[in-house]
Each structure stands twice: as structure tokens, then as C-alpha cells.
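Next come two complexes built around chain A: one with chain B, the other with chain C.
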Partner chain A sequence: MQIAKKNNTKTTIDKIKQFLNGLPPLTWVVVALFIIFGLISPEFYLVDNLVNMVRRGSTLWILATMATLLLISGGLDLSLGAVLTFSGVVMAIMLRAGYGPLISSLAGILSGTLIGALNGLLVSTLGIPAFIVTLGTMNVFAGLAVAMSETSAIFIDNFTMKFIGAGAIAGIPVPVWVSIIIFVLSYVIFHHTSFGRYIVAIGENKLGAHLSGVNTGFYTFLVFAYASTMAGIAGVVLASRIQSADPRVGVGWEFDAVAASIMGGTLRGSGKSGITTTIVGVLLIVILRNGLNIIQVPVEWRSAVVGVFLLAGIIIDISIRRRES
Partner chain B sequence: MAEKNSVKKIGKIKLSSQAMNSLPRLMILLLLSLVLTFLSPYFLTKLNLINVVAMSSIPAIFALGEMLVVLTGNIDLSLGAIFSLGGVVVAALMKYLLVPVPIAILAGMAAGALMGVINGVLMAKVKLPSFIGSYALRVAITGFANAILQGYIVYDFPPAFRFIGVQRLFGIPVPIYFAAAVFFVIWVVLYRTKLGRKIYAVGANPEAARLSGIKNDRVIMTVYIIAGSMAALAGILQTSRINQAHAFLGDPTLLPGIAAVVIGGTSMFGGVGGAFGTIIGALIMNVIQNGLNLLGAPSVWQQTIVGGIILFAVVIDQSVRQATAKRIN
Partner chain C sequence: MVNKLLLKAENISKAFPGVQALDKVNFDLYEGEVHVLIGENGAGKSTLMKIFAGAYFPDSGSIEISGKKVNFRSPQDAQEAGIGIIYQEFNLIPDMNVAQNMFLGRFPKRGGVIIDHKKLHAAADKILKSLSLNIDTRVNVCELGTGQQQMVEVAKSLTMDSKILIMDEPTAALTEREIDSLFAMIKTLKKRGIGIIYISHRLEEVNLVADRVTVLRDGKYIGTKDVDEVEIPELVNMMVGREIANMYAFAKDTDVFGEEALRVENLKSGSKIKGASLAIRAGEIVGLAGLVGAGRTELARAIFGADKYDSGKVFVFGKEVNPREPIDMVAEGMALIPEDRKGQGLALILPTSENIVMANLKGLFNGPFINLKKERDVSNKYITDLSIATPSHTRVVQFLSGGTQQKVVLAKWLCTQSKVFIFDEPTRGIDVGAKAEIHGLMRELVKNGAAILMISSELPEIIGMSDRIYVMREGDIVAELSCNEATQETVIAHAMGGA
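For the complex of A and B:
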């Protein structure tokens, strides 16, 4: 009886050990940062600040999950930040023109789908490297957003959009619900559909996937379209949350998304853990940016610190991956 | 003797194929100029033409460096930030530490070369994908440049420094001499040295290059260092020209720079392209921008137009390549 109990506890400990080993190595950096920032400045732990981080993180989580899907498929999307901006601006312009919140939101989301479709089409049919295609579309649509909004933020004054941005259901902010739904949807698609399996196959060996009968062009197209659609939703929610469509709001998000995804361990292993562990990278970036602000690191140093941190994070992750293999 | 002859022959073939590659681009440049001559009476004036060439010379220096990196099958997205850093370092040394102008300029270029070393280590040793490694470094460099100047814009430099960006020598603006010198050096490196052959070999087929005894790491490291110092030089000239330095000076140069490389016929897959095409690419980009200004296009549309030009250029380029590949098969 006693022996059995002992065995039982041992397996639980083993299970915990296994779980901890499965976490990306940067998880410990996240925990350390969370403690250190709090020790330096207790304000960091205030509920307002934590909620603030969760709100900000919810947008990044969507983009980073999309970056993960794209990286697993062997692609990359530098236009995700521009989609974030553009969809918000389209939504705000439609609202201003007198359309209802539903139509306006759909138009914003659809504009994201179209950008993704354009990316996917150019990458899959012509085989142009994804980063140059998306660098092009990023600038086309970031520029269009600035031009269409006449360089200034468009205010959003609509009850439904305010609820989406600032409301809560069951105590959880609506933007967080949206992120959770998108995460679950992406998780199910990735782990339980042939689409998900094909993405992995294409990312690991495109020629092999093609030879074994996978329509690689179509699925490459689909992953770009899906990613931009979800980024479009994120853009509409973000604009609702800050109650205005700022034509420069998305600048730099594409990099945070890719960095979060890599630091979450996407490039490590066969991409199995990528979607779930991306949140570690998201937490790292959100905590870092918020913490530097709270402990009052001078503004002009912040971006240098963040840049060095992210670069170090990516290098650490890739070095560990190489040692493991 | 025979060997020498064959080397000469290869050189000739390479030169003529390069000319063939550049000919359609030269035609596009002339066609654009012709259209603009009809659309605007100001385009074909001596003043405007010298202005266009002078304005192209700084982006050309930038693009020539980027071209070398692209030839090896990599990309450097941090060059815009290095452009800013070059100007910021020179400005800080001259204004805060009162360092003599020539030493400040060399230090600025050395800072660019140092960033090239970091890029080289990231891509050649750590083996990061180049668009990720250089993009990450870009964030850090911009941050440092901003920190050096404490977020301020520094302006009003000594006349000795303004000379390299603004003055004329024998009626020709000084930046044009710099661009010509950089073009000449890079042309010699590409077509008259072993390093040039290695750059093409690494870009065309890295595995074959490695098996034939080329140290790919060193080649990649070298192109990043050259590109870094060229971007810094371009940034220093720009700082001198507009008489101010700040951390975001180079941000708008990256995209037109890459566009010039792509329009100039350098393949994003590496191994194909060259210096002459890149110069034409830089001229085309500036003729377009000059035309937009002369025709009074609102500046808010420029980013969209440049992005569109990149997409258009890579689509045409890739379609032509696919069509030729089919014809050969």
C-alpha cells in the first residue's frame, strides 16, 4: 500500500518534470523578469497594470500565433503589422460613412483576407521569396492606410465597437475572448485537420509534400489568407479597444510577432509544440516592454534594450535547438 | 597561356551577358525619362538632371552594398538602421567630442563595418535566417542610435563636413564622385578578384561552393562588412547634405534601396545580378521619385508607390525567369 503510494507520487513528479522539460527554455526568463520587475517597482503588480498587459498581449498573441503557422509552413509575413493597421482604418472609414458595425467590421476583416490572398498568390504561383513579397505589400498597405486616413487617427464612436473593445463577458475582456477563440480555432485546424498536417509537410519538405500529392501551392495560399484574416480581426478589435484607427498603430508588430513565435520555440522540434508555446514568447515581449516602462528606463534606451533582448532570445533558442539535434 | 586566354574569354562572356541583362533596364530608364520630358517642362533641364544624378548617388552607394549581400542569397534589413547610425556617430563625435572631420567620418564607417561583423556572425556562424537576424539587429541599432543622441536631432555641422555632401568639384556635386568611386571598387571586386567569383558561387549554389573549397562563412561575413560600411558612408553623406542627424534618418532608405537592387536585375535567390544593373536601378527609383515630385504627387502616396514598384519588379523578374527556364528546358 505504502509502496504503491510512493510510486504514485513519483510518477506525478516525473510528469511535472516532463512538463517542465517540454517548456521553451525562455519560460524561466519570463518568470525571472516577472519577479525582477515586481521587486524593482511594486507598481508592476497592480491589477490595472496586469490587465493592461493582458489587453496588449491579446493582440500580439493573435499575430504571433499566425506567425507561428506561417513559419511552420516555411513562410513569413512581414505585412501582418500593416494588416493590423489597414483593417482598422477600413473599418473606421466604413463606420464614418454610415455603415453598421457588422458590415464595417466585416469589411475590415475582408481587407485583411485580400492582402493575405495577394501575398499567398504571389508566393505560391510565382515562387517569389515570402519576405520580399510581404515587404512590398507591407509598404503598399501601410502607405494606403496613411493616405486613406489623411495621416490622422479616425475616431470611432459606436456602441457596439466600444463593447468589443472595452466590454467584458464573464469578467474576461472581450478582446481576450477573441484571442482565445482564434487560438482554439488555429489549434484545432493545426492538430486535427489535413490542412494542419499539410502545412507541417510543406514546411519540412516542400518537394516531398508535392511528390506525395499535396497541392502545395493551394495550401501555401490558404495559410497566408488565413493568417491575414485573423490579423484583420485583431486590427478591428485593436481599433475598437483604443477607440480610434491610427494609421501608424501597426508599425513594428510584424517583428514582435515573428520574434515571439521563434522565442516560443517554433523553429525547434517538428513544430508540434509551436502553437501552444508561442504564448511564452508573447509574455516575454509584453512583460519586457511594460516592465521597462514601469521601472522608468529612459525612453531613448528602451528600444535598444528590447532589440538586444529579442536578438539574444532568438540566438539562445536557435543555439539550444542546434545542440539538441 | 591557354588558361589565361580562357579566363579572358570568361570575363568577356560575363561582361556581355551583364550588358544584355542591363539593356532592357536601360531602355526602361530612357523610356521613363522620355515620358517625364513630355509631362513636365522642368525634367529635361541641366539643373534637374544633375539634381537627379546627385540625389541617386547616395541611394546608389547604399544599394551597391545591399546588392553584394543579395548576390550571396542573403538580405540585410538592418542597412537602413546602419545608415542612421553612420550619421549619428559622425554627428556625435564632431559636435560632442570635437573630433576632427576626417577621423569622425572614418569612425562612422567603422561603426557600420562593426554592425556588418555582427550581421556576419549572426548569419554565417549562428546561422540565423538573414531576414530574421538582420531585422532583429535593425531594432537594436536604431535603439542605440537613438540612445547616443538621447532622442535629439543634431544639426549645424562644420563647413569641412558639409563639403562632402553639398559642394561641387568641377561643377559636379561631390556625392557623385563618392558613388563613382564605390561603383568602381565594387565593380573591380566583383569581376576582377577571386572574392567576386566566390560571391557569385556562394549565391548560385552554396553547397557546391562549399564542396569546391570556398569558405562560405568568410564570404558572407565579408559582404555584410562591406555592405555595413557602405550604408554608413551613405548615411554620412546624407547627414552632410541635409545638415542634420537623427536615429530614424535611414528608415526611409531601406525599401527604395532593396527596390533598386531588384529592379537592377539582382535575383533575390542569389548568384545573378551585378553592379551596373544596381546603378540603373537606383537611377530608375530616383527618376520615378523626381517625376512624382515634379508632377505634384502627394507625399503620403510615395510609400505605397515604392512598395508597388517592388512588387511589380519582382513579379516581372520572376515571370521572365520562369519563362526563360521553360524555354531552355
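For the complex of A and C:
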């Protein structure tokens, strides 16, 4: 009897140890930053600020999860930020023209799908590298967003959209719900469907997948379409949150998304780490940017600091990967 | 007149993981002679040449250049000792001109910094003239024909004052006329006292260009003969003369063949496949023999839809098909087990079970969702049936042995219920035990009505396993041998053109 009990406690501790080991190394940096920023400036811990970080993080989490999926499949999407902006602008314009919130939102989301489909088509059929294709679409649609909104923010005054942006269900802000749902959907797709399997296979060995009869062209296309659709949803929610579609918002999000994904450990094990650890990278970026703001680091310095963390994160990741192999 | 001994290599041995590439090989070379080196695929010719060129280090043995013992630590050492090597793929930079390529890394410089173009071209012209070559040194190499590029390579080695020139399959990409020019140039070089080591698969050339010929087999030194004293059949015998071990004690049931499973009519693809036709029946294992570069893999990939081809027809069980994508051919019941199992056959970071089901997700599962329990059961079934040596179905395939990995690839295709299998070098790099197991599995497959086209460069394997053998040579299928007619000598003779 005694022996059995001892074995049980051992395994629980082992399980905890296993969990802690599986966390991306930067998790501890996140914790450290959270503590340090608060020590320097206690305003960091104000409820309003924390809620603010969570809302911001929810948008970034969607984009970063998509970035992770794309990286795992061997691709890259620089237009995600532009989709964020463009979809918001489309929705706002529809609302202003008198259409209902449902149709306007769908229009915004659909515009994301179409951009993703365009990316996917160019990459899979013409074989143009994703970097170049999405660089192009990024510029096209970021530009169109500015043109269509006539360079100024479009004010959104709609009850439903206000609820989506500022409301809460069961105490959790609606935007966070949206991100959670998107994450769960992506998780299920990645771990439990053939689509998810093919994403990993294509990213790991496209040639081998092709020779195994996988329709690599179609699934490459699908990843881009899926990612941009989710980014479209994120854009609609974002516009609701700030109650306007601002064509300048969204610029740079795609870089934060990829940075968050990489810092969350995506490159390590390329694929087997899954999409779950991305949230650590998201937390890191959100806490970093917010904290730098609270402790009043001059704006000019902030990007540099984020850059340093990104580089450090990659170096740590690669060193650990090398030691493991 | 006794010619000086340029190179003397004794007891050279070299092992790579899993294979003894060279086993106590001897070789020597005199001034002004052409010494040809022949042997099958994998005999060790390239390895030996790379050792002479300083690209590989021998595990044991000694090399003397002009009587002095040498120990090359890099290709540069070999170059300084006067050894030049011309690889089959040429080492030229297409966008630089002839003179620049000839003196790459050794440009004449003014004040040690600025390239002296006048001197460069003058020196280059001088060398080309001495070889009676009419090539403009200012032309970019990419604009030259293959034959001329070959000449530039030879000229390049002369800029390094090479006393020994190693040529790896120099005539493989040349036309008849270019070959004549090359032989003429070789004669010129011989007169200057340069010794040439010449690797070739073309037995008919041995008489034309060689003074002596050395045969390697399975990494072992078989013998050296003066070209006047030996005939081709004897050379062939030296190249392949081994016992076919009783590895293939399968009874060949010659009556139990079913309907025609695969037929290819006059398939052409660029310069690689010049019009190949073949047919396989259910229950047969048909071998496709030939040298590396004969076009066998290209043919297999074209049939499977992995590569585009120009013209020709493919029929699967009597139905004409259009192989545009592998996914189409998989739907027709075809499977390709590729040569490069790691690079093309598996997703290395994924577990065994996921690799096994990869080609048939649609067939195994309803809708888009993967039933993890079913995946586990199906993969475990194949793990048991094929004796796949893995501790669990979740084991990542990267960590499995070569033979085990090959079984996983095979399991993947069994999972698709394919009927026509193309195996490309099924047991390459696999130990004897696993080899036998895979052969057994292949025999089982055809007993159950499948048809197999097997590409192999191992003569005992292809002769022991095949009911019929097609031999491919330089893009053509040049022979079809029944299992009675097929001996190692006849296969090799057809493959090399000495028949």
C-alpha cells in the first residue's frame, strides 16, 4: 500500500516537471518581465491596464496563431496586418452605407478570405515564394484601405459592433471569446483533421508529401485562405473595439505576429510543438510593449527593444535545439 | 625506355557508415599512359579518385607521388602535388569567361590586388593554342557547348601544371565528334608525359583510349591488365564474377501471372528518356536494370506522374491513364517507393503511425477528422504484419533504422491498397537481414496479385528477384531478358554497351 502511494506522488511531480520542461524557454522571461515592470511602475498592475493588455493580446493571438500555422506549413504571410486593416475598413464602409452589422461583418471577413485565396493561388499555382507574394498583397491592400477610407478613420456607431468591441459574456470580453474560439478551431483542425496533418507534412517534406499523393497545391492554398479569413475576423473585432476603422492601424502587426510565433517556439521541432505555445510569444510581446509604455521608455526606443528580445529569443531557441540534437 | 612512375597507391581502404567502399586497393600510373578504371555502380571508383584528389582521406594505405610519400589533407594539397581532377559535372562558373575559369583563384595580379586581364588572356590563349583548341577566351563558359566546356576543364588543369589528370566519365555528355576531339587531346597530353586516370562505363572506349585497365568490384581490387592482352568478355567477368548467394531461394512460379497491370508505350521525355516501352503482369516482379544515369528513376517518376514527359501512353490494368500528378496515379492504384527514402518517402519528424496513414487519409477516415484510435489500430496492424522494429507506433521515424524506415514506406503504400508498385532501389543501404525481409514482403505482394517494377543497381538482387528484366541504357530500353537468359554478365553487357 505504501509503495503504491509513493509511486503516485512521483508521477504527479514528474508530470509537473514534464509540463514545465515543455514550456518555451521564454516563458520565464515573460514572468520576469511581468514582475519587473510592476516593480518599476505599479500602475502596470492596474485592472484597466491588465484588461487593456488582454484585449490587445487577443487580436495578436489570432494573428500569431495563423503565423504559426503558416510557418509550420513552410510558408509566410506578410499581408496579415493589411488584412486586419482592410477588413475593418470594408466593414465600416458597409455600415456607413446603411447595411446591417451582420452583412457588414461578413463582408469584412470575406474580404480577408479573398485576399488569402489570392495569396494561396499565386503561391501554389505559380510557385512564387510566399514572401514575395504577400509582400505584394500587403502593399496593395494596405494602400487600398487608405484610399477607400480617404485616409481618415471611419467612425463606427453601431450597437452590435459596440457590443462586440466592448462587451463581455460571463465576465470575459467578447474579443477574447473570439480569439479563444479561433484558437480552439485551429487546434482541432491542426491535431485532428487531415488538413492539419497535411500542413505538417508539407512543411516538413513537401516533395515527400507530393509523392505520397497529397494534394500539396490545394492544401498550400487552403492554409493561406484560412489564415486570412481568421485575420479578417480579427480585423472586424479590432475595428469594433476601437470603434473606428483606422487605415493606419494594422501596419506592423504581421511582424509582431511572426515574432510572437517564433518566440513561442514554433521553429523548434518545426510542427510538433503545435500551435499551443504561441500564446507565450504573444504574452511576451504584449507585456513588453505595454510595459515599455507604462515605464515611459521613449517611443523611438521601443521597437529596438522588441527587436533585441526577438533576436535573443531566436538565439536561445536555436541553442537549445542544437543542444537537444 | 622506362617511363617514370607517377603515382603508386597501395592497400587503400576506406569505409563509410555501413559500407566498406574500398578494401586494400592497389593502383599505379606511369608517365604518358592512360589507365582506365572500370567497375559496376558502387565498386569504389569514385571513392578512389576522390582520395587521389584530396577530397576524401583513406582509412589506411599509402600513396606515393613520383616516389615521394604524400598525405593529402585537402584538395589543394593534391593540386599542389600536380593532380588535377575533372568531375563529371564540371566545376566551371557559367557566367565567367574561359580565361577566368581557367585561372580561378590564381589570377595574375598587378601589385597583388588588381587583376591583370591582359596577362590573364594571354596565358589562357597560350595554353589553348598548345592543345590546338580554337576557343575564344573572352567568351562566357555558359555559351560554350558541353564538348568545349570539357576542353576548358582540361585546359584548366594544365594551368596548374598537373602531371596527373583524373577524368570521371569524360565522354558521358559528348557527341561522337567531341569524343574524337577529346581523344586527340588526350594523345597530345600523353606525349607531354602527363598520366591520365580515366573512369568509364563504356567498355567500347577502353580499346580506343587506354593503355592499361584496372577492375574494381565491391571495393576490392580485382586486377590490372594491358589493353592488348585482354578482351571485353574477360573484363566483364572480372567486374561481376561473383556467386549469386543463395539469398534468393524463392521458387519462381512462372505460370501464375495474371492480367496486364501496367503498360508503357514509347514514353519520351527530353533527352533523358528516348522512347521506353514496357509491360508488367499481375503476379510478376519485373526488374529494371541499368547504370546510374540510364534514366530508370526518370522513367519511374514519369509513369507515376511525379515528372512531366513529352509523349507516350500509360495503361493501368488496360485503362489508359494520364499521369499528371502523383495523386492521380495513387487513385489508379499505383505506388512509388522512392530511391531517397528519407528525402522523398517519409516525413521524418512525424511518428510512425502518421507516416503509415499519410497516403490514404481520405480512405481510412470519414470526413476531415482523423480518428486517433483507428490510426493507432491500423498502424499497429502493419507494424505487426511487416515486423517493423519500432518500440511504439508513436516513435518518430527519424530514429528508426534504414531497413525499418523502408518498411514504414512500404506500409504506407500497402495502406492504400495499391496494385502496381514501383520500387526504386528498395534495399539500398539496408543490412542483409532487413533486405531479406523486404524481399519476402515483395514476394508476398505479388503472390496476392500485385505487380512490381523494381529498379535496382545490385545485380544479385535484380537477377534473384525478377521474373523478367528490362535493361535500360542512356534513355532506351535496350534489352528484355527472361529469368533464364539473365546472367550478371549479360545484364552488365547490355547496360554498358558491350553486348
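Couple of notes before you dig in:
Definition applied: the second predicted complex is superposed on the first by the 321 of 325 C-alpha atoms of A that agree within 3 Å, B and C clash if a C-alpha of one lies under 4 Å from a C-alpha of the other, contacts with A are read in each partner's own complex, and residues count from 1 in each chain.
Basically, contacts are C-beta pairs under 8 Å (C-beta built on N, C-alpha and C of every residue); 3 or more make two chains touch, one makes a residue touch a chain.
Just so you know, these numbers come straight off a predicted model, no measurement behind them.
Legend: residue contacts after superposition of the two complexes on their common chain; A:R96 is shown touching neither chain B nor chain C. Taking chain B and chain C in turn and counting the residues of chain A each one touches, the greater count comes from B. By the touch criterion defined above, A:V258 lies against chain B but remains apart from chain C after alignment on the C-alpha atoms of chain A. By the touch criterion stated above, A:V308 is placed in contact with chain B alone, chain C being left untouched. By the document's definition of touching, of the two partners only chain B reaches A:I132; chain C does not. Judged by the touch definition given at the top, the superposed model places A:R248 against neither chain B nor chain C. In the overlay built on the shared chain, the residue A:K162 is in contact with neither chain B nor chain C. Across the two superposed structures, the residue set of chain A contacted by chain B and also by chain C is empty. Interface of chain A with chain C (complex): residues 192-198, 200-201, 204-205, 207-215, 269-272. Remark: chain A residues 76, 122, 126-129, 131-133, 135-144, 146-147, 150-151, 252, 255, 258-259, 262, 298-308, 310-311, 314-315, 318-319, 322 touch chain B in the complex.
Against chain A, in their complex, chain B makes its touches with residues 75, 122, 126-128, 131-133, 135-144, 146-147, 149-151, 255, 258, 262, 268-269, 298, 300-308, 310-311, 314-315, 318-319, 322.
For chain C in complex with chain A, the residues that touch the partner chain are 304, 306, 325-327, 329-331, 336, 338, 343-350, 354, 358-359, 361-362, 365, 368-370, 372, 412, 416.
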